[in-house]
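Structures for review follow.
In the two complexes that follow, chain A is the common piece, with chain B as its partner first and chain C second.
Let's turn to the complex of A and B:
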């Protein structure tokens, strides 16, 4: 009971803003300040949510099936971005020669929007999970690299000098001082990366999909069903927030006492 | 206390701002008219042959003859076109049967004429080495369809779902005694589907014009179409309900010019082919030459005013147009895309109407045309 009271006290403003937002949304749709054909009331979206738990119509799959497809896709792209992006950023930040070698290619590729890669992704990876994961990987990869790079660059030079004085090798300094000091920034990068991965979902599912939250939004568009579009959007937003929260908790555990 | 009051005022201002901003976007321009200018009709079209009557009309300076000014609006496909219509951005336009049906169901639009017959140009393609090409006319009722049921079973079909193309694919499967469960349907946009198919993905490709001409250029072979599978896919001429109800005379004026375009296309194919080629290349940015533009005239029958009226003529309570839309609506019910009651609602609304064609016929009769 006390925990609930504490929670309410801490989050009262957030709860009020959410409630006001939902009430305003309901009012502007029910009283047709915004025509019904442009926006549906939240109550209809909630109704559709419960219907879509078991009903695959009209967009071809249940909400759970769409969710499963999308989470598999997003996490596969994000996982690959983490496996490749973090070590790459750390190496670029630590070894100047490696940075000189990789940076020009990275800088050219960085500003290209993931969606522009779709035609090439089809040619290279076909129309299965590979091409879609590649599109997501592209968007998730950049924040991983940049934050890992910046994180290791900010390693305290005093610590590095002390380690050198005590005879540590460059490799030892990299693993025992550089990487641990970069961890908070790496996690910030991972959170941004997960966010990007989840946000690129709709673009990735433009590519040969038959299920997924992005596909669900597309079908809503073709069937002129704004309720399906809004449900897809809210699910993407909610799951994205939950994933960010989970990653934040992991970060707290790992970096406990490390952040300045 | 002061802080609380300031916060409250800020909240009220914020809500008022949101409501005002939203409210102001709702009603859009209705047939803008100034004393010096002719009334404006906003026409929406796609990179498709059914845009030509309007586009060519503007190029030839016809709108003035009909007492209107036309704002030409271009959309890549039916979905964004309908979204813009829902926002009140255009008044009249041409599109495929699927967006026309969906727009009628959700927004009460009218289908006032048929732009062309698209049954043959909603088609299905395979590569030259496909096993489907070994057999033709397995079902004697459908002699132009290639492949046996066994050839088709288990194949991956790249198709734009919830479209007339998808309708043609399902009709083809039905003609061979199959259903969608016997194949793997993969949803893709048309241009992406061609690229994927070219790179070896999928076994069968569904397209519509003008993308199917690109497929032909690449050496793919047509194995079926809506027409070959026995379904009618007419192109629809659509008007926004609010515009049509308020300005029927403007609808008729624009329709007069649109029909003049169709009649010119029927009469002078050589001239119209040049215009269509230019429209595809210069306006739409498609790499299609005049030979392909000429093919459009071969494959897509056009209807003049009297032929249009016949298509809408009701025999036993149903016209040919009604039947085409009813069959399509049933397809969507079977697919679970719309509910049976939604089908009944849209079909009973008589959204496909010859009211404006009849008004035009009368007007032309008065003018002695």
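Let's turn to the complex of A and C:
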């Protein structure tokens, strides 16, 4: 009780602000200051949320089904990008020769936003799972590589020299000094790449999908149902925030006691 | 030192040339059919696109359309977002009022606003500019906010001791001290804006670089898509370079750190 009171006192302005925001939204929509075909009251969005939990109409799938499609796609693309991108970045940063060979190509590809690959991917793989997986993998891959690369490049040379003096092999230095000192940067990269994967997923689903959260908001537009769009957007935002939060927790666990 | 540099250039050359050669060979061998054009074909397409209009407009007009959209949105976002972020960082009350709503909307990717933007503003220029605005606005606010929050309290206390007014503290200490963070935000904002304009144009446009690659897809012309992608990448890279240049002029004290 005391804790609750404390919380209320500390956050009173924030709570008022949120409440005012929701009430303002409710008022401008209920009294149709903003027409219903553009925005619906928050209460109807909540109603729709409970309805969509087990009602596939009118966009073809329940909210959970959309969610499952999207999350599977995003996580598998992200996982694959991590498995390939992080080692590649680490190797690029560690072995000068490898770096010299791979980097120029990488530098040419890097400034092209993953979204720009969508048309090519659709042309190559059709509008099925292949195109989307490719785009999402690509969007997650680039930040993985860049950050692992920077991370291992920033390894303190003194540590490397100390290890060498004590007779460590190159292999040992790479695994016991290079990699651990790159971990914080690698995690920054993973966070960026998860974020990027989630955003690109929405773009890919807007353009070519038959299910998924991006498809859901696109259908909302076609059916002129702003409530579906808003529900979809909030779900997308919430899932994105949860994913980022989970990754942050894992990062804290692993980098515990290390200074950033 | 020079020897190292030369050998680097050599590697760069070998790497790019190697990839181009491999690409050409693989395509000539017909491994992918028509799906992957050879580098020579891509180059020819580029020359062709320079000379002939694409979908009724020249290549440069398309570029100009996209850049105009991004710049309009970017300037609006800077003018509104940076002051908002700075005040949120400076004043706890402003922070407490704005932050919850901002935090609620922040995790929604700008691209997810596209359907709503089309529903609200139709299919003209406005929805595209709006999407870019949403994309640029968030990094503007976040970075200005963080920059202001991380101003060394010692500096503020010092000016306070010397009798500076609240206003002077804000303008003479807070503002310059957070400038580097603001600039990092502007950089992010522009590159995100560039990405958003692309997404918006992919979903529905009759002009712009996004339209070029969509047209390439609709006419099954991969060479056109690749030229479009390379142009998009080049503009993105140019944007980053230009912002960095401006940053060096506006905050010269950062020069030592970045280089």
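List of remarks:
Quick note on the criterion: the second predicted complex is superposed on the first by the 217 of 260 C-alpha atoms of A that agree within 3 Å, B and C clash if a C-alpha of one lies under 4 Å from a C-alpha of the other, contacts with A are read in each partner's own complex, and residues count from 1 in each chain.
Here is the rule we go by: a residue touches a chain if its C-beta (ideal position, glycine included) is under 8 Å from a C-beta of that chain, and two chains touch if they have at least 3 such contacts.
These numbers were taken from a predicted model, which means no experiment stands behind them.
Of the two partner chains, chain C is the only one that A:116 touches; chain B does not reach it. Within the superposed three-chain model, A:105 lies in touch with chain C and out of touch with chain B [touch as defined at top].
Legend: residue contacts after superposition of the two complexes on their common chain; A:207 is shown touching both chain B and chain C. Once the two complexes are laid over each other on the shared chain, residue contacts for A:56 go to chain B alone; chain C is not touched.
With both structures placed on the common chain, the touch criterion links A:162 to neither chain B nor chain C. Here chain B and chain C are compared by how many residues of chain A each touches, and C touches more. Of the two partner chains placed by the overlay, only chain B lies in contact with A:215; chain C stays clear of it.
When the two structures are aligned on the shared chain, A:246 is found in touch with neither chain B nor chain C.
Residue contacts after overlaying the shared chain place A:38 against chain B and chain C alike. Looking at the shared chain after the overlay, A:30 reaches neither chain B nor chain C. Common to the chain B and chain C contact sets on chain A are residues 37-38, 118-119, 122-123, 206-207, 218, 221, 224.
Partner chain A is touched in their complex by these residues of chain B: 11, 15, 18-19, 22-23, 25-26, 79, 82-83, 86-87, 98, 102-103, 105-107, 158, 161-163, 185-189, 192, 195-196, 199-202, 335-338. Only residues 20, 24, 28, 33-35, 37-38, 56-58, 60, 118-119, 122-123, 126-127, 206-210, 215, 218-219, 221-225 of chain A touch chain B when the two sit together in their complex.
Chain A contributes residues 11, 13-18, 21, 37-38, 97, 100-105, 108-113, 115-120, 122-124, 198-199, 202-203, 206-207, 214, 217-218, 220-221, 224, 226, 229-230, 232-234, 236-238, 240-241, 244 to its touches with chain C in the complex.
Contact residues on chain C toward chain A in their complex (touch as defined above): 7-8, 11-12, 14-16, 19, 35-36, 93, 96-101, 104-116, 118-120, 194-195, 198-199, 202-203, 213-214, 216-217, 220, 222, 225-226, 228-230, 232-234, 236-237, 240.
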